[in-house]
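Just so it is clear, A, B, C and D label the chains in written order, and each chain counts residues from 1 on its own.
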Amino acid sequence: MIESFKLRNVEFNNRILVASGTFGYGDEVPDLVDISQLGGIMTKSLSMKPRDGNPNPRITETASGMLNSIGLANIGVHKFISDKLPTLKKHDTKVIANIAASSVEEYCSVLELLDAQEGVHGFEINVSCPNVKEGGLSFGTDVTLVTRITKELRQRTNKPLIIKLTPNVTHISEFARACEAEGADAVSVINTVIGMAVNIHKRTPKIATTTGGLSGPAVKPIALAKVYETVNAVKIPVIGIGGIVTWEDAVEFFIVGASMVQIGTANFINPSTGITIAHGVKEFCEKNGMDNVGSLVKTLQTNRTISIVDSWL
Amino acid sequence: MIESFKLRNVEFNNRILVASGTFGYGDEVPDLVDISQLGGIMTKSLSMKPRDGNPNPRITETASGMLNSIGLANIGVHKFISDKLPTLKKHDTKVIANIAASSVEEYCSVLELLDAQEGVHGFEINVSCPNVKEGGLSFGTDVTLVTRITKELRQRTNKPLIIKLTPNVTHISEFARACEAEGADAVSVINTVIGMAVNIHKRTPKIATTTGGLSGPAVKPIALAKVYETVNAVKIPVIGIGGIVTWEDAVEFFIVGASMVQIGTANFINPSTGITIAHGVKEFCEKNGMDNVGSLVKTLQTNRTISIVDSWL
Amino acid sequence: MKQELVQIHSFECLTAEILELTFISEYLSTHAQPGQFVNIRVDNNFPLLRRPFSIFNIDENKVSIVFNVIGTGTKVLARKRKGDTIDVVGPCGNDFLSLADDSFDTAVFVGGGIGIAPFPFLTKRYPAGKEIITYVGGRQKELIVEKGLKNAKIATDDGSMGFHGTVLELIKNDFSTNAPKNPRFFLCGPNRMMKVVAEFAKEIGATCYASLECDMACGIGLCQGCNIEMVTGDKKYRLVCKEGTIFETQSVKFS
Amino acid sequence: MKQELVQIHSFECLTAEILELTFISEYLSTHAQPGQFVNIRVDNNFPLLRRPFSIFNIDENKVSIVFNVIGTGTKVLARKRKGDTIDVVGPCGNDFLSLADDSFDTAVFVGGGIGIAPFPFLTKRYPAGKEIITYVGGRQKELIVEKGLKNAKIATDDGSMGFHGTVLELIKNDFSTNAPKNPRFFLCGPNRMMKVVAEFAKEIGATCYASLECDMACGIGLCQGCNIEMVTGDKKYRLVCKEGTIFETQSVKFS
């Protein structure tokens, strides 16, 4: 039974990863979770300087989901290297550094620092960040910027380079194609969906930044559709994220075409979700006579010739 | 206590409407619901010719939501006028004809036929339809086409003209601005969100068309964020839709800035949801010393100077 | 049709896997007909949509349904207790009695698993003077309900109860040795089972009705989500919840 | 810290509105300290996130929490029965005992409404030789719990029990006539109440600790969702779930 997956020059023990921002730096949950059973850990987004993040309240629950606006609070890349990486290295799992930045230059510098670190196995680039030079518009909604970021970063690393796409665009496939063209090894789909909630008694937003990112089971159908659009647009692997709680959810993403999956919000409920899912997927494959989890990938049977836009719904 | 709301030349009894495609032609639920207590009914989308709609399965439940791909099954505008309108007219409520079409010309012809009908009080234009001439890409994701549709239709009617926007675009405010510029009286926000679900045993999509439209409480945070973006972009009224189940949900939309709201999926669970909500909103206003539901509208207190894109979430 | 909050009167285990839930409703007990269903909101928040259940029995002001725990909805329902209230819409759909004309002698009911659900109530209300035979098929004996059925003949896939084999095989056996007089078929159960039994009925020239099942968002004709493809008539699709659930089997395309 | 499926041992109504839920956990009963909380998944699907509850009492292998029905989560919890299992993560957060040094004589516990939750356990484990006074404030008597508290003095907004007024007024009254010797304050309850009591403590020069409440997604330091703004120290924010819930009140900015 082969569970592992190779991306560029890195072999992951299995195809189940934990999503950025939902597992800290891997050192918060040692009692509860045996991290070595995970395919890999996407770190909390790292920026050059430490970031305090947004004011409270940063989270609120919604129907089968949650909104967050943590504001990419993080300890900064230097402290990550000095304080967190040594511990992380001890686990038999892959560490993918997730990078956030407010300029193309910052993305490059953070990546260069991390690329020199042996314990960092690859990169996931969070492009859902405000481009300070352009008045705060998100990099991730501008295909020219995503192209440029990918190109610049590709020149600076030989480790796996994954671009994490935002779902808040009309055609995510355009962005995936741009990443592929510039040499990205994979794309992660999806980051959170823009959402909002209101406290009707105070007449204030329920999170301090007014809008935030929606995640959890509520967004699973959206994530699956975005993964479907993406896998039909590019040949590089797509990493599926969004609302995965059970192994059945993960199998849905594999069937649609994800090569790996990430567990986000579910970690808050059960930090060992990733491990439970890894076992569940394996068992499902064995029961169905597959000797490789890869045999599930992109096996969706559909007779729709699709253009993923609103059709006659 | 004023509950009513005037749009162009039409006064709605209250600000609670039932959403297109979720209340048939208003003649399905007479036992269960006193339609006259609703502000108005948005009809099932009408096209020139009758449409059979999509094959089964057309719906599936998701976490706090549902996917549908009815395929705009409808009896066609002629049969609507001859068979449904006479009954609808008897109720003391406003009838807004929702129009779907596969070409700009079809939108125009359907509207012209309905404009001549006294019992039709206004129009809501469903632009989430495939543009047959352009290979099936949705009108609603192309701002040029939405502009053209609005312009053409505005020339043909003096009744309220509402454009119903799709959330599946990067910047919904662009579309709202285009509608405003061309003389639309209001925009409805949102139609369903593209989504997907997979039967892992059969390895088939759970709805026949592979992807479908997500609705219900799961999308409420998304809808609120889209309404927020829209009300900050235009001066014409915004009609809020998406995941409204309780009167508290409706109040959230009013506070964010919706002038009216529509109830969709919740009708499937309780067909009288709209009426319950109308009462609940009224009571809430009275308890809080307001003599007009309008006093709620756009009263959100937020100190965020916002550009609605992914910011530092 | 009404929407009511009804009180649960009792739970009974009919088999190791199948529960009968009885609730009190003056309205439904006087208005519902055999073959109709009720649409139940099992809980306030989750799952979102109602779940349809055939009316299993009506006794004075008490109405009952039967179910086995399959997923979210039935799991929540099974955890309710006597005295709890549930939110019920009904009666929904058409009924067996008003559909079938009188030109037959033997009513043959065929239920697959929980698909026997409408037959006890139908048996009770059936016009005098008709013979009734009931065929019940299921994977194993835990899925076989006999309560309220008349002349029940049982087939299980694993042979744990009654005939060892499919319900169609059992019917064919019976009919080859001792065919009932001028039969008419009434089916309820999995599509696959109904499809083959309907073919058999056609072969022997008997009229056949089937109560179809499909995912429903509303159950009352609002969503257009429950379409079934027709092979006869002018419409390509009909709505299972409103124009059915019961259709003459030759008029529909089983999927 | 562990994640366990624990069995409910009993429910008890402490007032007309407040329930005590007791469950069995060898692990928690031996590892939890006063002021820590447990994070409970009240049901499998809905609501999505766990709900944090202070540990109210520990007796042999039995651990209890108290709650009143406010919204979705507590509604589901209140419907559970003896013998049902619930999914619990804990113990979470820091505790009162390891924070407070010994340089005081009287421990003044102040609880607002359900905010008394941590004090019975704290009372039980408190080092001998310290005086304890407990102030309990609430809107009305249905929200006042006395069980397990020592020297409890009660204030209600509507005067339905004890002193008619706020808990701060009661404390001020008491302190003006008969001030306890060298007091240290321990607070738990609504932010507004804690803020004003903390100000009073500061005025009289007493150290004051508060167990803060805020919405939590994870309760164990993974999500960074539970930040509280600091006024002292090098960090702008700290995490309530992990670096708290108990903070020295002069170090934090009450919102």
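In this text, a contact is a pair of C-beta atoms (placed from the backbone, for glycine too) under 8 Å apart; a residue touches a chain by one contact, two chains touch by 3 or more.
In this text the structure is predicted, and so the values were computed from the model without any measurement.
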In this assembly, which chains make contact with chain A and also with chain C? B, D
Based on the averaged CA atom positions, which chain is farthest from chain A? C
With chain centres defined as C-alpha means, what is the inter-centre distance between chain A and chain D in Å? 36
Distance from the mean Cα position of chain B to that of chain A, given in whole angstrom: 33
For chain C and chain D, let me know how many angstrom lie between their CA-based centres, rounded off. 53
What positions in chain D touch 2 or more of the other chains? 45-47
So which bits of chain A are touching at least two other chains? 53, 63-65, 68, 70, 216-217
Assign the assembly's chain-to-chain touch graph to one of these shapes: line, ring, star, complete, other. ring
What chain pairs are in touch here? A-B, A-D, B-C, C-D
Touching chain A in the complex: which residues of chain D? 1-3, 41, 45-50, 89, 214-218, 220-229, 235-237, 242, 255
Spell out the residues on chain B that touch chain A in their complex, using ranges where they run on. 51, 53-54, 62-65, 67-72, 100, 128-130, 135-138, 140-141, 166, 168-171, 191-198, 200, 202-205, 209-214, 216-222, 224-225, 228, 243, 248, 251-252, 255-256, 284, 299-302, 304, 306-313
Counting only contacts in the complex, chain A reaches chain D at residues 21-24, 28-29, 31-32, 44, 52-53, 55-61, 64-66, 68, 70, 73, 216-217, 265, 267-272
For chain C, which residues are in contact with chain D within the complex? 45-47, 72
